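Input: a single structure, listed below in structure tokens.
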Amino acid sequence: METLSGVTSQVTAAAQKIAPAGSEDDASRRMRRCIDNCRDCEQICLTTITHCLSKGGHHARPDHILALMNCANICATAARFMITFSRLHIHICGACAAVCEACADDCEGVMGAEAEDKTMAECVDMCRACAKSCSEMATPMKSC
Amino acid sequence: METLSGVTSQVTAAAQKIAPAGSEDDASRRMRRCIDNCRDCEQICLTTITHCLSKGGHHARPDHILALMNCANICATAARFMITFSRLHIHICGACAAVCEACADDCEGVMGAEAEDKTMAECVDMCRACAKSCSEMATPMKSC
Amino acid sequence: METLSGVTSQVTAAAQKIAPAGSEDDASRRMRRCIDNCRDCEQICLTTITHCLSKGGHHARPDHILALMNCANICATAARFMITFSRLHIHICGACAAVCEACADDCEGVMGAEAEDKTMAECVDMCRACAKSCSEMATPMKSC
Amino acid sequence: METLSGVTSQVTAAAQKIAPAGSEDDASRRMRRCIDNCRDCEQICLTTITHCLSKGGHHARPDHILALMNCANICATAARFMITFSRLHIHICGACAAVCEACADDCEGVMGAEAEDKTMAECVDMCRACAKSCSEMATPMKSC
């Protein structure tokens, strides 16, 4: 994004210090992507809450709505740890990966055999993508 | 963004109900932009905190760091009100506009005559843009 | 609370600078109370979400759950503005008062003539109390 | 607290389902205490940020301020997972324990041999207490 170019270059510099492994460019690119995934996942989970509450029935069961709500919260928190270059992001990203994975599973359970629910399907995809990149960030550093 | 297309269309539909004024497409486009501005502003404020703490001196004075921190928080909250289609977003966006404007002023005071501080300059621009779109969202509806 | 005694004395000192009106002790006491109200209101709104989702039906309608969710978020944000002594708390507290009032109204609408719903009744009381103290904090200073 | 009595009894009921181990009363009492610790820790970390920025010098070094800021954020998030009875709180509490422990260590490093810094000392104590109760909540259930 145009306005965030300065931000991006800062992230690049800092990610090289705290991100796990690989070439430095690769490390910073993966951290940048993980931040974006966490922020997108927060947003889509919030949107999916309104969607599911509107549909009602199975979609509005307590566990499902709360899973989405909590997923949005830990994603937002994980993004903030990375944006501020905390070395402790590995702990938060590990926890975030578990929550995103569980949220995706829960969404799939709710969708069931339903032919077409684009919002839910996108939420599942985003949660899986976020879980994947958070898992990578949570992995302890190894030299390559 | 590709993955958020479903989100965007939902926002469009809902924004038409709660967004102020104009043609419906215009209303939803402005709400969408305001959500993006709030979320970008949250991120750049957090990044600017790390930047200013690192520079130290005038940049790290308490009022400035706290202004950035609080600006990030109200921007995140304002975005959530709009993402979940709350009619009360007009109150939150009004408050957010005031905070973003004050944060931009504060950043300019800290920069002073300094020749070049790209992160701060971007933060000022983003805060001003966010204040502007939040002000628009805070304006009570009028028919056109 | 025992562990927060140092916090309380700091708040007292700072509130005397930014809190509106009255004797200084009175100003700091009211700000302290407003922080507590905002934090309690955040917590009870979150608890009421789980309660209402479990009850289902009218209690789980989208507007109601989202009102509680957004109320929790602005309360948390308002508390942070005051804890960090931001002069801009007057804007946030003003918006927070409007949101708490609307949330209380919404809860009452959902309860209707229902004989007994202790969680909801407590949520209404807390939202009203929070709205009241936030309104006070939002009032521009006047000398006494 | 008087106004939260209904909340407390709800937490008791739910904690018995998700809290680890021991008698049910014990489990819910520990979860209740962990929620309180997380919320108190959030507040004292925010207060300590303003304190340390005001003191400047070593107290305002970037890593320290950001450690406090991130600690406040994960504590708030952990509290929300438990308030909403998420079974995934074990992951979040585990991460939160690590962050609180690191924050306490960092505060001690900043204090050094300093004779008297009551706010910092209280922050250390609160972070340690929060880390301890979060660790307990993160422990997988075992029958007694």
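Letters A, B, C and D mark the chains in the order given here, with residues in each chain numbered from 1 onward.
The rule we apply is simple: contacts are C-beta pairs under 8 Å (C-beta built on N, C-alpha and C of every residue); 3 or more make two chains touch, one makes a residue touch a chain.
Which chain is which protein? Per UniProt: A, B, C, D = Ferredoxin.
All of these numbers come straight from a predicted model, not from anything done at the bench.
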Chain whose average C-alpha position is farthest from chain A's own: C
Chain pair with the higher count of C-beta pairs in contact (A-D, B-D): A-D
Rounded Å distance between chain C and chain D, as computed from the means of their C-alpha atoms: 22
Centroid distance [mean C-alpha coordinates] between chain D and chain A, Å: 23
Chain B-chain D separation of Cα centroids, rounded to whole Å: 30
Junction residues of chain C - those touching two or more other chains: 49-50, 66, 69, 80, 84-85
Contacting residues of chain C [partner chain A, same complex]: 49-50, 53-54, 56, 60-62, 65-66, 69
Chain B-touching residues of chain C, taken from the complex the two chains share: 66-67, 69-70, 73-74, 77, 80-81, 84-86, 88, 91-92, 94-95, 98-99, 102
Of chain C, residues touching chain D in the complex: 1, 3-7, 10-11, 14, 39-40, 43-44, 46-47, 49-51, 76, 79-80, 83-85, 118-119, 121-122, 125-126, 129
